[in-house]
Amino acid sequence: MAEKQKRLEEKIGKVPEIFKELEKTDPDLYGKVIGLDQMIWADGVLSRQTKKVIAIAIAAALRDDHAIRAQMAGAENLGVKKEEIEEGLRVAFLLAGMPAYVHGKTVLEEKLGDKSKR
Amino acid sequence: MAEKQKRLEEKIGKVPEIFKELEKTDPDLYGKVIGLDQMIWADGVLSRQTKKVIAIAIAAALRDDHAIRAQMAGAENLGVKKEEIEEGLRVAFLLAGMPAYVHGKTVLEEKLGDKSKR
Amino acid sequence: MAEKQKRLEEKIGKVPEIFKELEKTDPDLYGKVIGLDQMIWADGVLSRQTKKVIAIAIAAALRDDHAIRAQMAGAENLGVKKEEIEEGLRVAFLLAGMPAYVHGKTVLEEKLGDKSKR
Amino acid sequence: MAEKQKRLEEKIGKVPEIFKELEKTDPDLYGKVIGLDQMIWADGVLSRQTKKVIAIAIAAALRDDHAIRAQMAGAENLGVKKEEIEEGLRVAFLLAGMPAYVHGKTVLEEKLGDKSKR
Amino acid sequence: MAEKQKRLEEKIGKVPEIFKELEKTDPDLYGKVIGLDQMIWADGVLSRQTKKVIAIAIAAALRDDHAIRAQMAGAENLGVKKEEIEEGLRVAFLLAGMPAYVHGKTVLEEKLGDKSKR
Amino acid sequence: MAEKQKRLEEKIGKVPEIFKELEKTDPDLYGKVIGLDQMIWADGVLSRQTKKVIAIAIAAALRDDHAIRAQMAGAENLGVKKEEIEEGLRVAFLLAGMPAYVHGKTVLEEKLGDKSKR
């Protein structure tokens, strides 16, 4: 199943560390979760890129820095543009307040800072 | 400013009732809010349609039926497809749990029920 | 303890129905909750009125219509002004998004509508 | 616009770092946000100080440490008293649970600790 | 799969209406969701009954009346006692505030009222 | 009252630092809070252990790392098993999304890591 995970990473970006551990301790739950995950992220009428923007906007609206970081990492691997994320975060601003935007924007700047240092 | 509101409705769908009232009682705040609103919804690197899908997904993740309904009404006016909303709600499922999906889906079914009755 | 409850109502506005029932089914928990409640609402460096505005703003930020209604009822009994609530809701707008404001404002209009009908 | 920002800081306390950056990258959005912000924080029937207490209580209720810190910094600049914040946090306790109170209180102690070290 | 659903209902209580519809429109997603669902609710070191109490407490903490109702219906089918739900809701009170408790308690009273009318 | 606190710790696990301070600065509020706390955690139809699992699941659903840590510490003192917490977190997954589970699981792994290092 390591192979499956690798292919998954190529496609959706990143499997959270916790789920790698789950693969060993509870392969059954792992399988179910990954199956659902894979179906949700697959290209459909919305592209995987658009779905990642949605996920980041939701995570920002929920002020969940862990989730913002995880989704942002996935977005990067899929080539989502900074401007798309920025516009998604503005919708989060309207729907969930200025701090929601600040949470998202802070992680976005972090990521860009990391990149420019490389 | 009624004219401006009408043009706005043609463009973004729907101005919540509460803001129509605000236009009279506090035109200054109204102006600021509408200005921000207009900028956030305008076409950018993301289309207005995509932004509505994001807004619905956020509203579902926040389990906020009022907001889901308001955004869904806007989405309808912009010609967002049912399938796009459905896929956005699945991302909300993953990020915010099954009830988030159920909230969004329930309003979506309501809307579609309304339409088929016409 | 009915006497205590009445005096409490005169002072803070309203004891939720659920707690009246609790008084009978679990007087011990009831006593603890009411004791805490009473201490929190008492005049301090902030007046009871200001505390009600805070409570309404929090309830709006949490998009909790039940809680908004309960706190609004209490605010009314204490003579909190419509304008104070309105300004508190704007802070909720900034911190928790437009729908938070809409939730609060909707209940506020309801209350005012009820009053003008009397 | 740096001048405007400085005057704003004198008045409301603190403009989040992220918005300083926004001033350069997107002056238009920056202008709208600051305009709305300024209107919401201005003295009205509630003083700017009271509004800050409301903002802190909301941020605590949302368990948003970033927002608590940002609002607390603003409150400090405006001379809001520790006791006022403490009483606002108790309302957050009642409306949003003990951890909401703990979040707010932890940042409050931090700030006070910082000050005594100076 | 209707058979599977029926057995599921016997075991966990209730499949939300929305998922019955999903079975037709998107059997693939339906299968994944139900699979995950089934695994999560199965007896483990915690009984299905205890899990339902947890679910109700979470739904109350999230102030999500739809979810409270859905989980409460499931709990009823599994023979969870009123007192267990009541104690779970008290934990929600502490962790998420008095309104969280009131949301849960209100649905609990509704259910009990329904039953006594039969 | 230090004695009372110690007995409390033996029973429920851990009193948050903030409340120890409260004992000095505001013994009255402290007394009310501890009284309520004690009643909520006492063995009833649900054991204290089960209540801790509920509390952890709620804290995870609210994505509140501070609260997860505080409840997890209490759970440890009461001898709650890792597997029980794990199953509670799965219910949080279903009700509040994958990141809720990840928040809880991350703290759980941290704790276990700490222990194996001793």
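Note that the chains take the letters A, B, C, D, E and F in the order they are written out, and that residue 1 is the start of every chain.
Basically, contacts are C-beta pairs under 8 Å (C-beta built on N, C-alpha and C of every residue); 3 or more make two chains touch, one makes a residue touch a chain.
All values reported here derive from a predicted model rather than from experimental measurement.
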Note to self: Show me the overlap between the contact partners of chain C and those of chain D.
What the structure shows: A, B, E, F
Check: Can we say the copies chain A and chain F touch using the same residue numbers, with more than half in common, or are the two sides different?
Finding: different
Check: Based on the averaged CA atom positions, which chain is farthest from chain E?
Finding: D
Next item on the list: Report the chain whose mean Cα position is at the greatest distance from that of chain C.
Entry: A
Check: Where among A-B, B-F or C-F does the C-D interface show up again, with more than half of the contact pairs the same?
Finding: A-B
Notebook entry, point to check: With chain centres defined as C-alpha means, what is the inter-centre distance between chain B and chain E in Å?
Noted result: 29
Check: Hey, how far is the Cα centre of chain E from the one of chain F, in Å?
Finding: 23
Next item on the list: Go ahead and note the Å separation of the Cα centroids belonging to chain A and chain C.
Entry: 39
Notebook entry, point to check: What are the residue numbers in chain F that touch two or more other chains?
Noted result: 29, 33, 36-37, 39, 59, 61-63, 67, 90, 93-96, 98-99
Notebook entry, point to check: What kind of graph do the touching chains make: line, ring, star, complete, other?
Noted result: complete
Check: Which of the residues in chain B come into contact with chain C in the complex?
Finding: 16, 18, 21, 29, 33, 37, 59, 62-64, 66-67, 70
Check: What residues on chain F touch chain E, complex-wise?
Finding: 36-37, 39-40, 44-46, 50-51, 53-55, 57-59, 61-62, 67, 81, 83-84, 87-88, 90-96
Margin query: Considering only the defined contacts, which chain B positions touch chain D in the complex?
Written below: 28-29, 32-33, 35-36, 39
Notebook entry, point to check: Touching chain A in the complex: which residues of chain F?
Noted result: 63, 90, 98-99, 101-103, 105-106, 109
Check: Hey, which residues of chain F end up touching chain B in the complex?
Finding: 61, 93-100
